[in-house]
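Every chain is named by a letter (A, B, C, D and E) in the order it is written, and numbering of its residues begins at 1.
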Amino acid sequence: MNVKPDFSKGANQAATAPAFLSIWDVHAYYGESYIVQGINFNVHEGEILALLGRNGAGKTSTLRSIARTGSPMVTRGEIWLDHQPLHLMASHEAAAAGLGLVPEDRRIIAGLTVEENLQLAQIAPPIGWSIERLYELFPRLGERRKQEGVTLSGGEQQMLAIARALARDIKVLLLDEPYEGLAPVIVDEIEKTLIHIKEQGMTTVIVEQNAVRALQLADRAVILDTGGIVFDGTAAEVLENEELRSEYLAI
Amino acid sequence: MFGLDKRDTTLLLIVACLAIFAPFILNPFPTDSGLAQFNAGYPDLMQRFVIFGIFAIGFNILFGLTGYLSFGHAAFLGVGSYSAVWMFKLLSMNVLPAIILSVIIAGLFALVIGYVSLRRSGIYFSILTLAFAQMSFSLAYSVLTPITNGETGLQLTLDDPRVLGQTSTADGSIPVTNFFGLEMRGTYEMAVGPWAFQFNMGYYLCALVLIAAFYLSIRIFRSPFGMMLRAVKSNQQRMNYTGLNSKPYTLAAFVISGMYAGLAGGLMASMDPLAGAERMQWTASGEVVLMTILGGAGTLIGPVLGAGFIKYFENIFSKINSNVLHSWFSFLPDGLEDFIVFIIYPFIGKGWHLTLGILFMLVVIYLPGGLVEGGQRIGNWIRGRKKSDARQNETHPAE
Amino acid sequence: MDAFLLQILNGLDKGSAYALIALGLTLIFGTLGVVNFAHGALFMIGAFCAVTLQKIFSLSYETVDPDKTDFLGNPLKVKTPYVESWFGPEFGGAIIDWSVPLAILFAIPIMVAVGFIMERGLIKHFYKRPHADQILVTFGLAIVLQEVIKYFYGANPIPTPAPDALNGVANLGAVIGMDLIYPVWRIVYFCFACLIIGGVFAFLQFTTFGMVVRAGMADRETVGLLGINIDRRFTIMFGIAAAVAGLAGVMYTPINSPNYHMGMDFLVLSFVVVVVGGMGSLPGAVLAGFLLGILESFASMEWAINLIPGINQIIIYLVAIIILLVRPRGLMGRKGVMED
Amino acid sequence: MSILEVKNVGKRFGGLQALSDVNLSVKENSVHAIIGPNGAGKSTLLNCLVGKLIPDTGSVMFDGQSVLGRAPYEINQMGISRVFQTPEIFGDLTVLENMMIPCLAKRDGAFELNAIASVMGQRDIIDKAEHMLVEMNMADKRHMHAASLSRGDKRRLEIGMCLSQEPRLLLLDEPTAGMARADTNNTIDLLKQISDQRDITIAIIEHDMHVVFSLANRITVLAQGTPLVEDNPENIRGNPKVREAYLGETA
Amino acid sequence: FTNDPTGGSVTLGFNVPQTGPYADEGADELRAYQLAVEHLNGEGDGGMLNTFTSKALEGSGILGKKVEYVTGDTQTKSDAARASAKSMIEKDGAIMITGGSSSGVAVAVQGLCQEAGVIFMAGLTHSNDTTGKDKKANGFRHFFNAYMSGAALAPVLKNLYGDDRKAYHLTADYTWGWTQEESIKAATEALGWETVNTVKTPLAATDFSSYIAPVLNSGADVLVLNHYGGNMVNSLTNAVQFGLREKEVNGKNFEIVVPLYSRLMAKGAGENVKGIHGSTNWHWSLQDEGSKAFVRSFGTKYGFPPSQAAHTCYVQTLLYADAVQRAGSFNPCAVAEALEDFEFDGMGNGKTLYRGDDHQCFKDVLVVRGKENPTSEFDLLEVVEVTPRAQVEYAADHPMFAGGQLGSCNPGS
């Protein structure tokens, strides 16, 4: 079973290195509505990939399909992470296999304090950064550790969501609009963190509306539109390609 | 027509036809056949279908639209019945004033209970309504016996005053409930071959009220008020920050549905002038909840279907005894007959609860939208067979 | 004065029954968020575990006693339990006598299994469904369980006495020089309830289990994304809740003979207790259980009834209304749990 | 003339002084931006204005009347509308119905038992709602359930709902967070147009400086619960304190 | 008249609790009805038809029509019972309704039958009201009532416990409980007993500890439990748990009395009934010919002896059939006339009279006691005394039965 699929059908293979995370012909539905319409792309170990597209293009749905949340429902396709077939797993198994998702609406758990939210991430192995180390990264969270997570300010919640993902020893980090609601200084901070963990070998997929920022950070970019891939290439290509930018990213 | 769009008009006409032709529809089997057991077209049961249908429609106005799950609605039904019977005892046997009084008293009662209970939402609201209803029940059962006649239930007697009517008839019995002289008990029987159909005065009165109640509920569902209620259910916070105080809306819905319950109670007493305390017990409140969910909460016709379903089981399945079973299967060889009867017996007669429980589970598991969804699936299936492009994408929130 | 003390004891005793049932219910209802109308049925099944064990121990063979006649005038068939013929009448008799306490051991695996099956087979499909659907399905299940028990055991109560040694009364007042006699078994019941309550608290307090389950209820999806198999924990939680309900039932049998609808009798009351205690709060449920138990006992005293006729009928509901109006989330409820 | 006058407002959460001594005055028909680091107390301040929170000290006057002690719906009826940080819409209703509710609220004012009339008969309301949808560029989604909108669309819907109330003061909490660039630009245009054409005052919280600087005529910087500075946009941009505390090097 | 049987058969309606707490009682009633139908149709051994003094019935149905029956479930709720009775009348054409196992249901269904114009033969109903303030011309009761319980028990209690006793009543808080309390109180006070206190308990109560506890300190030396069904099983169990039976008060042994006993309840209470006195309508150990015949045919068919509920229902059916036969018509008014002031024997309980004034039946009443050494699971009660009918008779205008009128019989349309 553990055979790598043939990706020759995939769109524009930019890099030649073997794929670390591969998404192959994934189709997904919300009930009756067909949202992810056959997506192929690869992510290589240690790179940052920006997944872009306008509102409703299906970015979130793609990330959720990869993370196996069950909604949208994946009806076809394969997802491989480091030789492990994610498409056969439930979300908690995918998480154990090394996937970490920072969801777009943060999903801080009501009724738990900041610290408990972090502890929760360290119940099931593999365990990543220690909580103290996370507080060093986000001192703000350390100050608020006994506060109920959902009463944090919007930006603080975003920090918590990222910290929660890092609390686990993950191989691939999926970030859904991580900068949303963050003050520019903090965005700078997080960007530095992302570069830092990239240097340590983390593979990252980032969805971001602030496309320029994301592209400056990323190695490669994939652009989605109405549930399909319209571009797959290097980040620099997008920044150079006027037409692409104005048509799909309005920048 | 009637200020309704086409779909709703069709629905109303269907309900009206079903109600009017119920004596035929519910008596499909010839009286002398073994299946006659399944006939439901006799006045008492038809009245019950319709009355509980009204009760459930009213309940659904609160629950289906606002999402507030009241566990004490039977209290209003009970209060309605008591009011009506007192009207029969004191005023006259005409059902009109009795029903009007039931609706008014139940409405007032609902206003008080609703005003207090609606200060909380979710499960806290449910338990508040439950507590009020259980208190009403306990008091009616014992302490308030002078008003309610306790366990036995409030009945008419030969020495009630009935100021506008007669205390007793010439032959020394209690007069009969009537609508300006038309006796509720009056039944015309029609025999067509082996079939016998019964047309009962009381039933038709109830049926007319049902049609009116159903019409009114369609109007409410489709009105701005109904939309506000759905908005309350969806997001109270947004409601408040849109300048709307949700309390009067929910309270109005509560009172309206309480009045529906009172109407049902009044009709029940008009068909059979007795009002018992157990009508107010939590099991009775639970029953209307079950009816509504079973049929499909938030849909227009669901509650009526649910009411019919449960009442059918209660009255028809409970009456099948081993004797009847044996007569059905008597054509089989003896051993086989006994075996089949042995298998089926636990599910009928005194086992009717078991069957009902199993059906509850099957319906929720396989038809998340209740019986209405079952109907829709059958409808889609038939339509799908007619034209193969059966994919319907439009959503119809309230069928 | 001792009348007063006696009522406090009664209240504690009633309260421990309420608290124990409410505890199990709140694990399912307050923590997993499932409106479980079958909880009373679990209590009832627990009680019938005791009945069944007693029946098993009393399985008998028949011998004909020609000297006596039965009601039709035929020779009387005398029954002798197998355990008595195997272990001798003395020890065998003692086994039968102690069947209720022994039933605890018997009931735990059965109840846990019932809980597991119920959760895996049915409830797990309903976590995301509206509460209304949960009510319908669990109510259906409650009816089915009830009817099955009725089919095998009949509708009449079945006496299940406590062991003779625990059947008498004890004078609790002796220490303080008062006459305060109280049935031994009820004291046992109270202690047992405290034990179970303490055990469940400790389990949820000193492990992360409780936190994970609470988190899972608030947001299953996110908990799954953190690598936690929440389904399994929900199942375990359900098993524990079923076991707590079942043990409450086992121990209750000597107090009142069990019958097939005893669960329904307790059902509404236990919902009231849980909600008055506050959704999602275990201490709340226990506190409310004891509080309502004691109030109920006081309300049944003569002066109370003379003061307000019928108060003993309505006290629980009246207090529930007052508490819910004064404290929006019951005694100790958590915010946001089933408030909409 | 200032339409909103906030004086000495303070708010404490347990051990945390979230707001202390906030003074703010918003001029009529202006666009006033409130910026500041995460957790500065911006949303808390907004909550105090709309009745979601009651401040511990100080006063809030709207158009010469105190808003304190009034229920949220009463404050809204005074003419204050608010868009939330996470969209608050009627998820079970269709987009069109969502838009109709504020229109109805505007027309009927207080409670009205409009139980017999037909929704479809309310032509004026429907027209108004449809018009607003067109204006928000969402007309094609009118029959969708609001819950299944993508997040950017939800936010636009909420803004539309608030606008259709024709409020005198519109409070926006990060209105463009998570919105695609193109839609952000649309929203900026829309808000500009509104503030130019209508008799409306806008107070906006935003981390996207592009939005802030294109819209605001006045900016207050909040930090640790107190206003740091209040000035016009140019001066804020140049203010070194603000750069350090908030904007970072990217501004 | 309503439901005049036209074909070769006549339908009777057996309306018994098949679900709810009294389901076992209802099941036993149903067994008795089936047996009665068999005997009426000439099947089986004839049972009490052989001992009944009226010989009108000859095992060929009623008036030559084969007897058929329909069954329904009262659920022990007035509403459900009425619905079920109505369906039998309206749908199945039942000419007579019988059954039930509580007074509330009996009164409700009796009222219905009066209005619908069919005969009602009450099942288990012990309240004075059924033939007192709620009596109806179309309704008849074979069961005894609370007054009779008191009248039968009092002398026995006096013999056993003396005439200087202080009684404490716990009473189910609804109409039946009240009439029983009133009757027992009156009867015991007439002996010279003092009533220390009467306390009402909620119907829904399952644990009676808080009502039992005050008894300990009340100075009472007798506890009277005016409870039935589950209430009685629980209150008795609780009372025994609290050690009441081992207590000594005022120098006397503390005693418990359960005025209305039934074997099924005794079974539910288990060991706790031993030595406790009460009254009952009938018991299978009676040795008169009628009882023996009935026990024989019932026991042969079902394998265990009948309960008092079964006996009442069986007898009611035969009596109805006999009355029709004697009247020569199914017309309810003719039947009622045949039943009124009808006197017979051979149905257990000795010479029996259906009084025309209130349609109450008068016969011997049994005082029983929980047996110390039962030989089988059915052998729980032993008859202490058969109180002769004369001792339990009362005037039709007795104040406990006042109010309400019999009205006139209604044959329906």
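Methods note: a contact is a pair of C-beta atoms (placed from the backbone, for glycine too) under 8 Å apart; a residue touches a chain by one contact, two chains touch by 3 or more.
Every value quoted in this text rests on a predicted model; they were computed, and no experiment measured them.
Colleague: Please identify each chain that touches subunit C as well as subunit D.
Modeller: Chains touching both subunit C and subunit D: A, B.
Colleague: Could you tell me which chain lies farthest from subunit D when each chain's centre is the average position of its Cα atoms?
Modeller: For subunit D, the chain whose C-alpha mean is farthest off is E.
Colleague: Which chain lies the greatest distance away from subunit B when centres are computed from Cα atoms alone?
Modeller: Between subunit B and the rest, the longest centre separation is with A.
Colleague: Does A-C or A-D have the larger number of C-beta pairs in contact?
Modeller: A-D
Colleague: Per the centroid of Cα atoms for each chain, what is the distance between subunit A and subunit D, given in Å?
Modeller: Subunit A and subunit D have C-alpha centres separated by 30 Å.
Colleague: So, what's the distance in Å between the C-alpha centres of subunit C and subunit B?
Modeller: Taking the mean C-alpha position of each chain, the two centres sit 34 Å apart.
Colleague: Determine the centre-to-centre distance between subunit B and subunit E, using the mean Cα coordinates as centres, and give it in whole Å.
Modeller: 34
Colleague: Find every residue in subunit E that makes contact with two or more other chains and list them.
Modeller: As it turns out, subunit E has residues touching two or more other chains at 23, 173, 200, 202, 204.
Colleague: Residues of subunit B that contact two or more other chains, please.
Modeller: Residues 138, 141-142, 353.
Colleague: Quick check: in the complex, which residue numbers of subunit D touch subunit A?
Modeller: 13-14, 16, 36-44, 85-86, 148-153, 174, 177-185, 207, 209, 245-251
Colleague: Quick one: which bits of subunit D touch subunit B in the complex? Just the residue numbers, please.
Modeller: Counting only subunit D, the residues touching subunit B are 50, 71-74, 76-77, 81-82, 84, 88-93, 97, 100-102, 104-106, 108, 110-122, 125, 143, 145, 161, 165.
Colleague: State the interface residues of subunit C toward subunit A in the complex, per the touch definition above.
Modeller: 208, 211-212, 214-215, 218-219, 221-230, 280, 334-337
Colleague: Which bits of subunit A are touching subunit D when the two form their complex?
Modeller: Residues 30, 33, 54-56, 60, 104-105, 140, 147, 151-156, 158-159, 177, 180-188, 209, 211, 249-251 of subunit A touch subunit D in their complex.
Colleague: Subunit C touches which residues of subunit E in the complex?
Modeller: 20-24, 173, 197, 199-202, 204, 206-207, 209-211, 213-214, 216-217, 230, 233-234, 237-238, 241-243, 246, 264-265, 267-272, 284-285, 295-296, 299-300, 304-305, 375-376, 378-379
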